[in-house]
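Below you'll find the structure I mean.
The letters A, B, C, D and E name the chains in turn, as written, and every chain counts its residues from 1.
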Amino acid sequence: MNGGAGMVAVVGDVLPEIALVLGGIVVLLYALFATADRQVGAALLALATVTIASLLTLRMLAHDQIVTFFGTYARDGGALWAKLIVLAATAATIGLSVPWFRRDPRHGEYYTLLLFSALGAVLLAGATDLKEFIVAMLLSSATGFVLCAYHRRSSPAAEAAIKYYLIGALANSALLIGVAFLFGLAGGTTLEALATGLPDHSLTAVVGVGLVILGIAFKIGAVPAHAWVPDVAQGAPAPVAAFVTAVPKVGGFLFLARFVLALPDSSVGWQLMIALLAAATMTLGNLASLWQDDLRRLLGWSAVSQTGYGLMAIVAIGRSDLAVPALLFFLLAYVPANLAAFGVVVELRGRTAITDYAGLARSRPALAGGLALSFLSFIGVPPLSGFVAKLLLFVVAMEVGYTWLAVVAAVNTVISIFYYVRVLAPAYFGDLRAPMPVLGRAAAWTALASAAALVVTGIAAEPFMAAFKAVGLLIR
Amino acid sequence: MITGPIVDAAFFLFAAGAIISGYRVFRTDSMVRAAFYLLASFAAVGGILVLLGSEFLGMVLILMMAGEMLIMAIVMVMFMMNPAGLNPMVMVHQNRVAALAGVVAFLALGGVALLGEFPSRPAPKPAAATRELGEELLGDSMLVFQTAGVTLLATMIGAIAITSSRGRHGSAEEGSSEPPLQPDEEDKA
Amino acid sequence: MNVLILPLLPLVAAGVVWLTAGRPRLAAGVAVGVLVATLAVGLWAAMATPGTTIAWSPAIELTLRVDGFGRLMVVLVPFIAAPIVAYAAASEPEGRTRLLVLMLAFVAAMLMLVVAADFVTLLIGWELVGATSWALIGHTWRDRSNVEAGTQAFLTTRLGDLGLYVAAGAAFAASGSFAFDALPGASSPWREIVAGGVLLAAAAKSAQVPFSPWLFAAMAGPTPVSALLHSATLVAAGVYLLIRLAPALEPVAWFLPLTALIGIVTALAGGIVATFQTHMKRVLAASTSAQYGLMFVAVGAGSTAAAGAQLVTHAAFKSLLFLAVGSAIHATGSALLGRFRLGRVLPFVAAAAGVGSLALAGIPPLGGAWSKEAVLGAAIETSIGLGVATLTAGFLSALYAGRLQLLAFGSGEPPLRVRRPTSTELVAIGTLAAASVALGALWIPGVSAILQTLTGTRLPSGGPWEFAVALATVAAGGLAVLLLERRGHLLDLGLRPSLRAGVEDWLMLPRLTSALVVAPTLRLSLALARADDRVIDAGVRASARTARLVSSLVDRHVEFSIDGVVQTVAAGTLRAADVSRVADDAGVDRAIEATGRGIGLAGHQSRRLQTGLTHHYFVIVAVGLALIAVVLAAAR
Amino acid sequence: MSTEAVLIVAAALFGIGVYGALSQQSFVMLMMGLELMINAAILALVVLWARAAGGNPQGQMLGVVFLTVMAVEMAIGFALITGVYRVRRADITEKLRRLKG
Amino acid sequence: MLSLAIFVPIAAAIAFAFLPRTARLAGRERWLQAIATVIAAIPLGLLVIAWLRFEGTGGFEQVEAVEWIPTLGVGYRVGIDGLSLPLAAMTALLFVVSVAYPVDFRGRPVPYFVLMLFLEGVSIGLFLALDLFLFFVLWDVSLVAMYFLIAAWGHGDAQRSALKFFIYTFAGSLPLLLAILGLYLATEPRTFDMAEIIRQQPLAGAGLYATVVFIGFFIGFAIKTPLVPVHTWLPPAHVDAPGPASAILAGVLLKMGTYGFVRILMSMMPDTWARFALPIAILATIAIVYGALVALAQTNLKRLIAYTSINHMGYVVLGLAAAGTVVTGQEAARAIALTGATVEMVAHGLITGALFLISGSILTRGGTYEIDAYGGLLTRARWLTGLAALLIFASLGLPGLAGFVAEVQIFVGTLAIYPALAAVALLGIVITAALFLRMLGRLFLGTLPEHWRGFPDLGRAEAVALGALAAVVLLIGVSPAWLLGVVDSFAGPFVGRP
């Protein structure tokens, strides 16, 4: 045990996290004591918390990249950028939630859970220790389950939540024994211990690593633990769906990257395995999206396929300088696109049948534009950030010799055009059948701001690329 | 860590108890009985933990499970179909596939155990385990500990948010659903 | 003055005439006046032999020069064209302005061709001549068959044009230049390719076998158009090209013999076709092929001078004959032989036609006789066989010339109503007749020497016995005509109608082309178009179908673990039915993209994995985990 | 009480847990299967801590984490089960198949 | 300067997008069109100035470069050489004409002009781009814009055709992207700068790797060109697209494929191109004959022209294949083939673009593309017939018009390298002549059916627009030195002609 002074210094490394915890508690207390019509204040408090946390994070960007808390937590560029993405996404989710939950009397606690869920993702992104990883996963998952079930009178929400929960519980439970094995092999729980302690060509390590990857696969919605994604996207409250299909992924991906970085090259064949998972995930996600008539479900499946693309960056981790930038840029492109798409859904009061979108461009051109930008970014059409992301993913996959994976991804991209266009075509060329009432300004602006972010980060990619290039992903 | 034939005997007793009661969980007619089998299995494992020199974890496990099983029984009695959940029933699906998966899992993990790839690094001073844990909690693993705390807090808030039927401002059900597609339906909802 | 003025003058005039639309007299005046002026320029050019180059790019330099036989052509072309255009202005009421514009443009293109001294310039003139002739032939466009005739003519000659493209390419490949001057230095095999290409182009343009029938199609145009095309211009271009290039291509062993062979075959076949013809213009058309065949023979025999002489005399008498026949057709409204004989009602036309016919038959002292004599002499010098064949061709020309003259312009029963030619028409006919007569000057030794200088080859010095044999042959031809007339078989020549129809239709050559070339091409094109709509797209679809198959296999295996074998079989059967139904519906369902159909089915299949049942998801997780472990272990 | 023996017991418990998780229709029973799996994980962890990891206190901490996971999972699980029972009257997986495809 | 040519229309498109809604514009479409035309003409003017300042040094001139994503070696780099300048200028001209061309706006004139102007900037940018990244960005964006143009203002089964077009060409763009990345990964230091890559020749002698990259590029460009057998997206897209969009599609978008062949494949991996020149030439020859034959059987006007595009683009690729060989002693022939292919791109853009505009006009008047539904239109529509005839003759390669200048050079150049293939390809010009003359006869000549008594001739805007194109076609045909000189400044150094 170190001295108290050291402890104080260490606390300085997690100021944003502390801000989130305190903010969450403040919001909870506010919600307990504020009157029914003042509950919206909780949203403002949550927004303030996110802002403060973001500012604290930004301040830390200039600091040295280190692993702190006795090897359990990284304060490096990767974690900080992930934090920023998570926080921005959380802010956007708050923007979407205010109008959506306006009639819900338990408005306040929602934001506490949202902040804690964001905290879970943030901690996951920085975890360099299996214990911290498990707890962060748990925090992120547990809050996610509850948020998903937040509509007490919604039967689809309840169904989605319980499926989400069951798959998560299975993955988590299985994960634990894997972690136990890795601990036994390495003699410690930090990633550093894994990096040094894992024996070569060990079948035990195979089981352990496989189970851990399964756990993360659940978190990021990859095959084989992907089944919850479409259900949650369809059944959960739309802002929650936007949040849950995007934010935990940021943490999950970052930890996966750190985890594979810790694996000694010769111990397990993780590259090929991740590549196969990537291929399976993107292909399944795309194929299943093809004939969806429900937009939210379609977005869920497309989120699965996007996870598959993102996994391409993981394949290259440790062997390509661009792997980490590619991963971060992918997240930078994917998260706002997801928020924009769901944001449009929220603004249209959760309208979800694809046929109901006919004539959107005539009735609500701005929303149609937002939806189109988001979809085109998903496809990877330049100059949107989705294109830069996909380009980087292709580059790193090819650079490490996984050209076949890039080809699979390309084929999948072509397939994906079909279902995105299946939504966009009626929206742009169809006739308006009924007026399209909207929810409120906040959701519209959030959706459009997210869509605008796609254009901005796509064209002005350099600042981000330069920053990402300098990013380290530390495990010791 | 204690060794010797008595320990071995105790281990075998506990091991048999854990496995048999674990198996009985899914081979019994009544949910309540299944819950108590599960408790028994956990208790047996707790015993093994104590044998292995991890008294703290063992005891916590047993205590926690006892509490949990109590809740589980209540939940079953309160909510489940069969009143009291005591009646005989078999509710199984895809039995063969599940059995296959279970056997495969057992073989895989058992294989791992037999491969003997784990290094041999016995714990030097088992008696100090609990104290060391305390140091760990407040020292090296402080962040983990704090995170776990937040997680438990979040769990409590979440569980209450979902289950409590009474909100602060009237029924928790009121208005807790998606906004209707047409605004004018809002009033009715 | 620049040589460019030669083609530009008629071209600009064409533009001017186009602007004078609605004032026919002015148009005619401008057209004929400009052609006369062009004639003057041509005379100047023949003396001054101007030349110029226009650089398009480092590789392409257009060279225009009046030299060699071209010096004669720049005079001949406007000289023949002027009376014909005058005649056209007077005789063709429909779309007169357009006709004059096109004729002037045509003359411009022809002059461009004449002054070309490199392959690119030649191609420009060559193709433009072809295109304007298409428009001229299809002049009366409201009748679509005329347009189609023009198309046929254009396509046939364009097929030959390919030879010119090839020749141009080969010349460039050999020397890096398109100029004719660089040809003699061309190496083998490029020189052979040039020779082949040039010969192909010339044969097609000059209506040699097997391309001859397009001339019949070209008859769809108004008569003055035929007169223009057949005399000094379109058809002449082929032989003109040979006259210019034969000396350079002579070293190619097979070049001259092949030229002679094509020529003699055409001369004989064309003679036969002309002899059995009952349509006046077609007699002349077939005879054109035959006469140009004789020029090919001359070139093949190494005497481009003789070919040039024949070209000049033929230009004069053939344009004369066409105009005369045109007057006859105008007069009666019928082009068929044997219905009326116009000698009495149109004595002047008949007399002028008589001059033309005599020249065609080769009766001294007309120029036509001299040139034919020269060709014969060259042929005999080459080989006795070729000589005999040429004699036979001469006999045939005498036969059909006499037959045409007698049947059309002989004295006999005139029609009830006759449209008499206008004075302009008569002047035009008279001018050409005078020219034909004047060409008798060729018999004067000094005159023919000019040809030798111009073409650079020697004229054969035929002995007296040759001359005698030739005269005897012509006389035999004349005699045969009289004999047939006496027996009353001049029209049908005692041949069975079915057989004659075949001969008349260019010895069935068009039908052969149609069956061997045109029909297969069209059939192939239709088949390919159909295949394009189905098969190739289907290739894409097939790959999609493979994807579907794979997905259904995968699907089946997943279900195997979920539902067991029995259900899988049942479900598989049902799905097979389902798949085929969906495939059927696909044609109906417009939203389904053909390419996406297979993938789309794969999409349906993959959605079946998401059963909505959590325990199935658990199985997927378990199986997935097992696979993860296997891959991790295997790829260590 | 060899390490292998304990690990085999853990494997057996895990296998039973997997079987339970996959075969039980009732959510509650299914969760019992999951708990058995965690139970096995704790057992394996502690034996490895004692025998393979040299008594590294991180192992004990990991055990606490495992217990936390178990507690949180169960708490949220029960909450969700009551929730879904309230709106859907569903207590077995087969009753929840509206979201699919 | 060059950047202005790209960004003025794009900026104008964005400005247009913020115009008030359609309802308030009723009756003012013509003003809108006039303004759009003027804006569309600005890049043309700028490119003409660039042309006048062009020196023909053989390298890239008037380069404008800004770092974009230097971390990846991506820059915004534009410039001209003898290859891109004519194509960009042709693009600008065709856009001016297409924007000015009357079309049924379907009540949505503003988005129409937004897309047209946007596509103009993008297309010009693509030809001027000197950065692979920028090139690909514009490549993909052009697909999106064209998709919306076809789907929203097309007729018949427009959405399906548009989707087929989009998916097919997007499918082509992905191998292209992968190939670009393959090339990029081989550069050292990593860069997307075209000039730098040409200097580096990163894949020279790279064997299998180069082959794979080559195939990726080739598939991408072949689909866009399109070469048989990946052409099936073209006919439906053309048939259902509105006239001006068809013109742009054929005139500009197809050129992107062949331009890519020269700019990327032939310049950056010449040895690999030379290795595959013969199969490419064979493929091109097949496309020539196949396109011509299939076109011959068409009864639908637009399908017919679409298939002749396949035929003509086959000429281009044939010329390129010949130009890219390494036959020593035939530098002059290779240069002439390359010049011919480049001029053919320009000529085909102008001619076929104009022909598609004409078919659009015919559809507006007659309501169908079926050729047999018409006949004798010359009786009523002299300007229409005259211009159509001129363009048809240009398309079948008549001297004095642009097509001849291009085709004769292609044939001559190819004949020196691949005599047999050139001979087969020559058959194409006979077949195209046949089908075009048949079409001309069946549409315009013969007797006018009774119900077309009221068939109107071209309006003033149409006549001026088409007349402008025809004038340029004529100018190139009569006096091409100004164009050939510029193209030769690229082609000469390219083949290393002494």
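The working rule: a residue touches a chain if its C-beta (ideal position, glycine included) is under 8 Å from a C-beta of that chain, and two chains touch if they have at least 3 such contacts.
These numbers were taken from a predicted model, which means no experiment stands behind them.
S.K.: Any chains in contact with both subunit A and subunit D?
M.R.: Chains that touch both subunit A and subunit D, as defined above, are B, C.
S.K.: Going by the stated contact rule, which chains contact subunit B and subunit E alike?
M.R.: Output, common partners of subunit B and subunit E: A, C.
S.K.: Across the interfaces B-D and C-E, which one involves more C-beta pairs in contact?
M.R.: It is B-D, judged by the count of C-beta pairs in contact.
S.K.: What chain lies farthest away from subunit B once each centre is taken as the mean of the Cα atoms?
M.R.: That would be chain C.
S.K.: Central chain, going by Cα centroids?
M.R.: Looking at where each chain's C-alpha mean falls, the closest to the middle is E.
S.K.: With centres defined as the mean C-alpha position, give me the subunit B-subunit C separation in Å.
M.R.: About 95 Å, centre to centre.
S.K.: How many Å are there between the centre of subunit C and the centre of subunit D, using C-alpha atoms for each centre?
M.R.: 90
S.K.: Round to the nearest whole Å and give the separation of the Cα centres of subunit A and subunit C.
M.R.: 73
S.K.: Suppose each chain is reduced to the average of its Cα coordinates; what separation in Å results between subunit A and subunit E?
M.R.: Spacing between the chain centres: roughly 43 Å.
S.K.: Where in subunit B do residues touch two or more other chains at once?
M.R.: 93-94, 97-98, 101, 105, 108-109, 112, 118-119, 121, 135, 140-141, 144, 148, 151, 155, 158-159, 162, in rising order.
S.K.: Where in subunit D do residues touch two or more other chains at once?
M.R.: Within subunit D, residues 10, 14, 17-18, 21-23, 25, 30, 35, 40, 42, 44, 48-49, 52-54, 58, 61, 65, 68, 72, 76, 79-81, 83, 93-94, 96, 98-99, 101 contact more than one other chain.
S.K.: Pull out every residue in subunit A that's touching 2 or more other chains.
M.R.: 131, 135, 138, 142, 145-146, 149, 152-154, 162-163, 166, 170, 174, 177, 181, 184-185, 187, 203, 207, 230, 288, 418
S.K.: Under the stated touch criterion, can you name all the chain pairs that qualify?
M.R.: All chain pairs meeting the touch criterion are A-B, A-C, A-D, A-E, B-C, B-D, C-D, C-E.
S.K.: For the complex, give me every residue of subunit C touching subunit B.
M.R.: 561-562, 615-616, 619, 622, 626, 629
S.K.: Please name which positions on subunit D make contact with subunit A in the complex.
M.R.: Subunit D reaches subunit A through residues 10, 14, 17, 21, 27, 30-31, 34-35, 37-38, 40-42, 44-45, 48-49, 52-54, 56, 58-59, 61-62, 65-66, 68-69, 72-73, 76-77, 79-81, 83-84, 86-88, 90, 93, 96, 98-99, 101.
S.K.: Tell me, which parts of subunit B touch subunit C in their complex?
M.R.: 93-94, 97-98, 101, 104-105, 108
S.K.: So in the complex, the part of subunit E that touches subunit C is made up of which residues?
M.R.: For this pair, the touching residues of subunit E are 157, 160, 163-164, 167-168, 228-229, 231-232, 290, 293-298, 330, 332-333, 335-336, 339, 375-376, 378-379, 393, 397-400, 404-405, 408-409, 411-416, 419, 422-423, 426-427, 429-431, 433-434, 437-438, 441-442, 445-447, 480-481, 484-485, 487-488, 492, 497.
S.K.: Quick check on the complex: what are the subunit B residues that touch subunit A?
M.R.: Against subunit A, subunit B makes touches at 108-109, 111-112, 115, 117-119, 121, 135, 138-144, 147-148, 150-151, 153-155, 157-159, 161-162, 167-183, 186, 189.
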